[in-house]
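The same subunit A turns up in both complexes below, where it pairs with subunit B and then with subunit C.
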Partner chain A sequence: MSLLSLNNVHIGYGGIKAVKGISVQVNAGELVTLIGANGAGKTTVLKAISGLLKPSAGEIQYDETSIVGTAPHHISQRGLALVPEGRGVFPGLTIEENLAMGAYCRNDKAVIASDMEIAYQRFPRLKERAKQTAGTLSGGEQQMLAISRALMSRPRLLLLDEPSMGLAPIMVQKIFAVVREVAASGVTILLIEQNAKLALQVSHRAYVMDGGVITLEGASPDLLTDPRVREAYLGEAA
Partner chain B sequence: MTSYLPERFRKSPLVLTLGVAMIVVALVALPFVLSMAGTAWVRLTNFAILFVLLSLGLNIVVGFAGLLDLGYIAFFAVGAYVYALLASPHFGIHLPFWIILPIGAMVACLFGIMLGAPTLKLRGDYLAIVTLGFGEIIRIFMNNLSEPINLTNGPKGIATIDSIKLFTLDFGRTTRIGDFALNGQIKYYFFLLAVLVIVIIINLRLQNSRIGRAWEAIREDELAARSMGINTTNLKLLAFAMGASFGGIAGGVFASIQGFISPESFTLTESVMILAMVVLGGMGNVWGVVLGALLLSFVPEILRYTVEPAQHAIFGRQIIEADVLRMLLFGLAMVIMMLYRPAGLLPSAVRKRELARSTS
Partner chain C sequence: MDVFLQQLINGLTLGCVYAVVALGYTMVYGIIQLINFAHGEVVMIGAMVAMSVILGLAGSGVPPLAIVLIAVLAAIPACMAVGYLVERVAYRPLRSAPRLAPLITAIGVSMILQHLALLIWGRNYIPFPQIIKTQSFALSNSETAATITNVQIAIMVLSVLMMAGLIALVYKTRIGIAMRAVSQRPDVAGLMGVSPNHVISFTFVVGAGLGAIAGVMIGSYYGIAHYQMGFLLGLKAFCAAVLGGIGNLGGAVLGGILIGLIEAFGAGYMGDLTNVCTLNKFLPGFSALCEANSNMAVFGSSYKDVFAFIVLILVLVFRPQGLLGERVSDRA
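Let's turn to the complex of A and B:
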């Protein structure tokens, strides 16, 4: 059963068409990645899914119902969490407050507290700095916080926008390990990445996007060995 | 209730009770002490409280939600005109204040939404420009709506506005109980004090509520706030509407104290003044804003009464006018503040952190 499906979606900014008719399926329990170069339209797709942009044509279905034109806060209340590009933590709020904000739509205080504990176990670093403001964290720590905050809403579908952006290689490894772990815990993930190699290594299936269209799709292990992908995105001669 | 107070008070209930009792006694005694120096001082205090009310209203928009509003005086004007039109010989309508003040708040609230709705996508400088224009539009309307139907009486303003009447107590007259005289300004003082206490409680509760936290999130990062499931549209409108309602109530009381209003009272300078009070005190911190408003209301008046006699005593003649000195001191205070306390005299915790971050 597909949890999220995009059918022939077109998205434009004014006169410029950023996304020209793409179709993507994400099944429940899957970790799907959308890879592509800068400017391929990946972030635009995520914004449309989370309701921040309205597609000019096409259909987006989440959990069997159309979410085109639904307000972002309604979409997020239905269990879809976005980790925005560049992390988007609240820099002036403490880590604890940031996490609490992630649970904004939930009311059960006991469960929220236990979820916060889970977040701290996953990233002990965050616990050490719970009372510190998010703005004082390093890029990697902010990414940890952004992911933890998104998980505080107990999402069914997690949208990750370039979690590796601007991070040290060791931090990227750490973040991806967590992404894999979150996926294993049953959360469906749509991961957007420029780091094609890592994204293909952690995901089940992948879509390759270029110039606003999907150019390739398939099982990630297959794409990892596909000569076209190797040449264009992994920087290896075919 | 105690959770709003600083840590050191929360720990000791005795100090807290004593402190509150002393403040209550001081506030009750204040107008009687002041009226010994002249009723003018009670009147000044009343105007200071009006400015505190306005600053607290603006603080919701600027301090909590982070929306820079340079036309806030417009809501004050709307409230004042609603009161004036419904309680003066201008239309011959004389409604009691407890009907007009809520109407004024509601009309101001509507104007708040009218300003908020089209500016939802604007931030920072751009929003400031639109709100500035809005403030001027309202003032110009007040100035010109005397034709074809005489709605506002134009620049001549509306006079002989009814004073507030509470049961048999007319706030416009002096009441005598035996030898004890209670003049109008003292009655207004207690009325304003009651309104102020309510408004402060609402502000404090808002700050620590779900709504307050959502505003904080919007101020920090609107996109992230939206993806947390926060309805940013409604919450921004709510900030405008609530801020405007407080302005409307203050405007109504202003009209009744003054007995006369004209568009001249609602200029851009007033908007800037209220914003300065919020910024000086500490955006987002209720007590800071109260302090800022009181300081900026009283200091110029104290200067007015002290500068000239002081100069005469020292130099034998007046070298500098009180008004000129006031502007000089304002400028100096602003520079010193920006250097040493950029987040205000009593900054809010979050604002302080935000500033610390941007300068580090």
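Let's turn to the complex of A and C:
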């Protein structure tokens, strides 16, 4: 059963067509990745799913109902969380307040507190700086915060927009370990990446996007060995 | 010393009112970068509604303190409703328009509210009913002792309570965190399940509620209400917000108190400081003039309204972001 399905979705910015008819399925429990070069239209797709942009045509269904035209806060209340490109932390709020914002739609104070503790255990760096404003964090720390904040809503579907962008290799490893762990805990994930190799290694299935359309799709292990992918996205000779 | 103390008390009283009004400007600016010029009119409506209630209930046998309380409790929801409607009807449709459009609209809304008040309450100055007797307390035994009135005490205590309450709201509560989140990144706040529109409405309503109480305070302090009373008051409070750094709550409080003090001390000392006869000691030549009239002030206390603006201009030349504001590049 697919938790998220995009059917022939077109998205534009004014006159510019950024996404030209893509279809994507994400089944419950899956970790699916969408890879592609800079400018392919990946971020645009995530913005449309989370309600920040409205598709000009096509259908987006989440949990069997259409979410086209639904406001972002209503979509989020239904269990969909986005870690936006560039992390999107609230720079003037403390780490603790950022996490509290993630749990904005939940009321169970005790459980929220224990989830916050889980986030701190996962990233002890965040705990050390709990009372500091998020604007003072390094890029890697902000990414930890952005992911932790998204998890504070206990999402059913987590959308990640290039979590590895701009991070040192060791930090990328740490972030991807957490992505794996979250997926293993049963959260469905749609991961967007330019780091195709890493994305294909952690995911079950993958879509390759180029110039606003899906050019390839399949099981991630297959794509890892597909000559077209190896040449274009993994920097290897075919 | 007595004059100094007296002006200090008067200045702090006025400053508290300016600060409470300035908070309304700064909250709205902080969240949607809009200068809500109609906020001064919301304050005026608060004064007018309270005045009507007091006039209606005076002599009805209800104890005076209860009448004042009822008046305040009527003014608050009235102003909140006005604040809510103004945002909903006039500003929200222009949320993504170029900045000049909502700014002009704000000026228009301010005019409309003034004229509505003119229709309801007429064009005359209306004495604000003093149903609680003003009592003065001398602060020393001297004949010229500075005094403080019960109204001044009430204004200061209430203002401090409101400022503390607002700061607790913004920094300690869930909705307060959401307000700051929306002001920093409205889109991302939406992704957290926050409805930016609800938070923006809430901000207008809280600011208007503070404005309502400020209106009652200023009405009882000056003892007069008028449909245009919100204009200059609003302008000074706006100056206070800019002086302190618009968007910054602490800045609005600091700016309000400073503007109140500057105005009071300006009014108290400007005449003496610009009295040409004091120059006579250093530059003889004014003697003839000063024999006829020993107080030849160039600027008298009637210039008090301009001090706030002069100080604002001077501060902005050196600190464009205001005293406590952070330097931000203009996003327009």
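Here is the rule we use: the second predicted complex is superposed on the first by the 238 of 238 C-alpha atoms of A that agree within 3 Å, B and C clash if a C-alpha of one lies under 4 Å from a C-alpha of the other, contacts with A are read in each partner's own complex, and residues count from 1 in each chain.
Note that a contact is a pair of C-beta atoms (placed from the backbone, for glycine too) under 8 Å apart; a residue touches a chain by one contact, two chains touch by 3 or more.
As the structure is a computational prediction, the values presented were derived from the model and not from experiment.
Subunit B and subunit C, once both complexes are superposed via subunit A, clash. When the two structures are aligned on the shared chain, A:Thr133 is found in touch with subunit B, with no touch to subunit C.
Look at A:Ala71: by the touch rule set out above, it reaches both subunit B and subunit C.
Of the two partner chains, both subunit B and subunit C are touched by A:Leu82.
Contacts of A:Ser153 after superposition on the shared chain: both subunit B and subunit C are touched. Common to the subunit B-facing and subunit C-facing surfaces of subunit A are residues 50, 52, 71-73, 76-77, 81-82, 84, 88, 90-93, 97, 100-102, 104-105, 149, 153.
Residues of subunit A touching subunit C in their complex: 50-52, 71-73, 76-77, 81-82, 84, 88, 90-93, 97, 100-102, 104-105, 149, 153. Of all residues in subunit B, only 210, 213-214, 216-217, 220-221, 223-233, 350-351, 353-354, 357 touch subunit A in the complex they form. By the touch rule above, subunit C contacts subunit A in their complex via residues 174, 177-178, 180-181, 184-185, 187-196.
Here subunit A touches subunit B in the complex through residues 50, 52, 71-73, 76-77, 81-82, 84, 88-93, 97, 100-102, 104-105, 133, 135-136, 149-150, 153, going by the rule given at the top.
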